[in-house]
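Shared between the two complexes below is chain A, which has chain B as its partner in the first and chain C in the second.
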Partner chain A sequence: MMRKWIILAVLLLVVLAGGIPLYIHRNFKEEVVAGEGVTGFFKLSKYFSGIEGTIADTDVFELKGSEEGGKMLIIAGTHESEPSAALAAFYLIENLKVDRGTVYIIPHFNRSGSLGTQPGGGFPLYFSMETPWGEKTFRMGDRGFQALDQWPDPDVYIHYPEGQAMSYIDARNTNRAWPGRPDGLYAEQVTYAAMEMIKKEKIDIVIDLHEAEAMYPVTNCIVVPEKSMSYATGASFYVKGREKFENHVERSPTAFRGLSHREIGDWSDAYPFLLESPGVHLDQITAAKTPELIMDGIDPFVLKAAEKGLLFVPYDENGFSMDRRVGQHSSVIQEIVVQWSKKNPERGLTISAPRYKEIVDNGLGYFFKDPSKADKSDVYLQ
Partner chain B sequence: MTFIMILYYVMTAYVVGMLIWNFIKTKDIKSEILYALALLPLILRLLRMK
Partner chain C sequence: MKKVILVLVAISVVTLALATTDVKLGLPLAITSAGQSAEVETVNYVADEVGLKYDYCDILSKDEFAAGVGLADAKSGIGKHVTTLSPDPKGTKFQTLILVVGADLKGMGASGLSVDSEVARLKNLIEYAKANGIKIVAVAIGGEIRRGLPGSPNEVMIDTVIPSADIFVFTSDSNKDGRFSNEAKARNVPAVEIESAFDLLDTFTTIFGL
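Up next, the complex of A and B:
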């Protein structure tokens, strides 16, 4: 009998040692300080009450300019294992100035995914960056909804409304669930709510921020359907010519359903753009998945792959840092807006925030405000 | 939480109960360790930790 108690005690210790850090991570709050540009804050459930009070509901920041103009929605955290997206959103919430038009920012579109890491993925629970006022810590997340929140998975995920059969795991993937439906899985309900927002607010531009592996061809690029192509091409040329970084354009496939860059354009009047920056922590061949790897993007095995010509991005011993990835997102977003506003002056936007070079030169942490010194009403917990 | 998800939690609780029952009944140390290991992910799910 004593033996059984010892085994149970060991089991309890393992449950507590393994479970408590996961519980703390799930309840850890990131702090974002609303910048001067933020004029409003509400829940996405404003557009679909079916997600109110559920894990599918999420925060929306509104940045409205003094002059009427077009509208842009920036979605980050579709895949929460791609952290430069959420960091770019936090950065824009704290730094973006909007003179004309309205910008909406959702930092954690897949909130459930932001509350846990990929089982078996070996990712750290947190990563941090240096700022002038100290260390700022963020949660690492998972690609899809947590099974804690959306369970069980179907044997095969059938996309609505096209009926395309996909892997079971994509039932929890918010970038296979567009345009969504009100009575579907949580991943479908949150995309449905966003589609309702896009239609009701008459959003012109939708930006969906991502990261992709350096060994995956659709990386370091802007993925667009036909109607967004000219704007993306203009932005791509500009950042390559003027800001000296590569960001090519990929055409959104018409036969692959559920993706933001396909369905948003097909089911609304908005022009979608999916931005990919290279997150080498996502590559399978890396050494340990450490917080430093997430931040610096420096890995000896990825470098070896680069020497053998196996990567789809320029890569050297300097890696692909978070500063560069967020800097790219900032510049490409702003240049898409410039291209859009040139061709649609009546629906144009005028926005500004530090771009690629300034972020890389100063470090991303330089641009984050100290929550302890900010007015409490400006600090939002994410 | 959807109805089917609630059902899955009930099923998990049932399996946890059966594993604990078998753990108590068995006299073989290997089986005891095996039942304890099998319990681990199910308890983490029931406690909504992972």
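Up next, the complex of A and C:
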């Protein structure tokens, strides 16, 4: 009898030891201080009430300029294991100035994915960065919706409406669920809500922020359908030429369904752009997946792969830091807006924020405000 | 030793640059891809930026090319993209053909091409250009991602184009193994090595006398 109690107690301890940190992580709040550009804040369920009060609902920040113009939606956290996306969103919420047009920013599009790390992936629960006022901590997330929130997975995921058969795991992938449907899985409902927003707000530009492995060819790039090609080409051309970081354009395949850069363009008047920066922590060959690896992107095995010519990005012992990844996102977004506004002056936007060099020179942490010193009404918990 | 290498590199870059001073390419100009990678979009973009007028088709056929300016009224459609900007009268014979080298299987797939059919298309264009005194410019600006092992799609495109090119324009990161510069040197044709595609702004202005 005693032995049974001991076994039960040990099991309970194991469950608690494993579960409590996950519970704390799931309830940990990131703080973002709204910058002077923020003019509004609402839930995505404003456009589709079906997700109201569910894990699929998420926050939208509005930055409206004093002059009417075009509209841009920036989506971060489609894949929450690619953290430079959410950090770029936080950075823009705190620093972006909008003089003309309107910019909407969703920092955690896949909110469920932001509340837990990839099971078995060996990722830390948190990572931090230095700022002038102390350490700022963020949650590390998962690629897809958490199984805790969307379960069970189907044997085969059938994309709606094209009927393309995909891996069961993609049922939880918000970048295989576009354009979504109101009565589908959560991943399909959140993309449906975003499509409703894009159509109702007459969004011109949709940016979907990502990171990709250094060993994967679709990285350091802008992925676009045909309609967005000339803008992406111009943006890539100028950031590469003037700001001296690697960037190229990849075509969105027409036969691969569910992707933002394919479906948003096909199902709305908006021009989609998916931005990839190199997140070395995503490569399978790395040493331990530490918080430092997420931040500095320095890894000896990736370096070895670089020496053997196996990477698709320039890589040396300095790694590929979060400063560079967020800096690239900032510059590419701004250059896309320049290219767009040049060709569509009546729907143009005028925006500004520090770009690649300034972010790399100062460090990303320099640009985040101290929540303890900010007006409480400006601090948003994510 | 390092200094010697640096001096040699500097001399070779100067030599390449000098070779370009004599180059003046004529208009009208036709542009097409050699492998359907997105770099051809960059070339078109640069041409637009510097005011260089051209006729473009990503899957330009020999008949459209031979029809001269206007590309026989070719139209864009699924997997085919046409832009005709040349100011010359329709049917005017092209003076220059730009082939932008870089294989992209997605791009070829979208246009219904295989590596073999793309190579066949390029060979027809090159054959016509050579038979009609049209200058061929090989442009390689895709960097390392548009290079590969011998026999890979990227190298097959390069194999197809470079033996017939009358002038090479390439970025340094596309030429780390000296493939383009060595070919230019071996055949004594001009070569322009640039740091990045951004430098095409100056290069096009110079070689087209804009």
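The definition used in the following text is that the second predicted complex is superposed on the first by the 382 of 382 C-alpha atoms of A that agree within 3 Å, B and C clash if a C-alpha of one lies under 4 Å from a C-alpha of the other, contacts with A are read in each partner's own complex, and residues count from 1 in each chain.
Just so it is clear, contacts are C-beta pairs under 8 Å (C-beta built on N, C-alpha and C of every residue); 3 or more make two chains touch, one makes a residue touch a chain.
Note that the structure is a prediction, hence the values are computed from the model and not measured.
Judged by the touch definition given at the top, the superposed model places A:Ala288 against neither chain B nor chain C. Contacts of A:Tyr23 after superposition on the shared chain: chain B is touched, whereas chain C is not.
Looking at the shared chain after the overlay, A:Ile158 reaches neither chain B nor chain C. Of the two partner chains placed by the overlay, only chain B lies in contact with A:Ile7; chain C stays clear of it. For the contact definition in use here, the chain B contact set and the chain C contact set of chain A share no residue.
Within the complex formed with chain C, the chain A residues making contact are 217, 226, 229-230, 233-234, 236-238, 240-242, 246, 248-251, 253-255, 312. Contacts from chain C toward chain A in the complex involve residues 38-39, 41-42, 44-46, 81, 104, 106-107, 109-110, 142-145, 196-199.
Put simply, chain B touches chain A in their complex at residues 4-5, 8, 23-24, 29, 32-33, 36, 39-40, 43-45, 47-50.
Contact residues of chain A toward chain B in the complex are 3-4, 7-8, 10-11, 14-15, 18-20, 22-23, 26, 116, 119, 148, 150-152.
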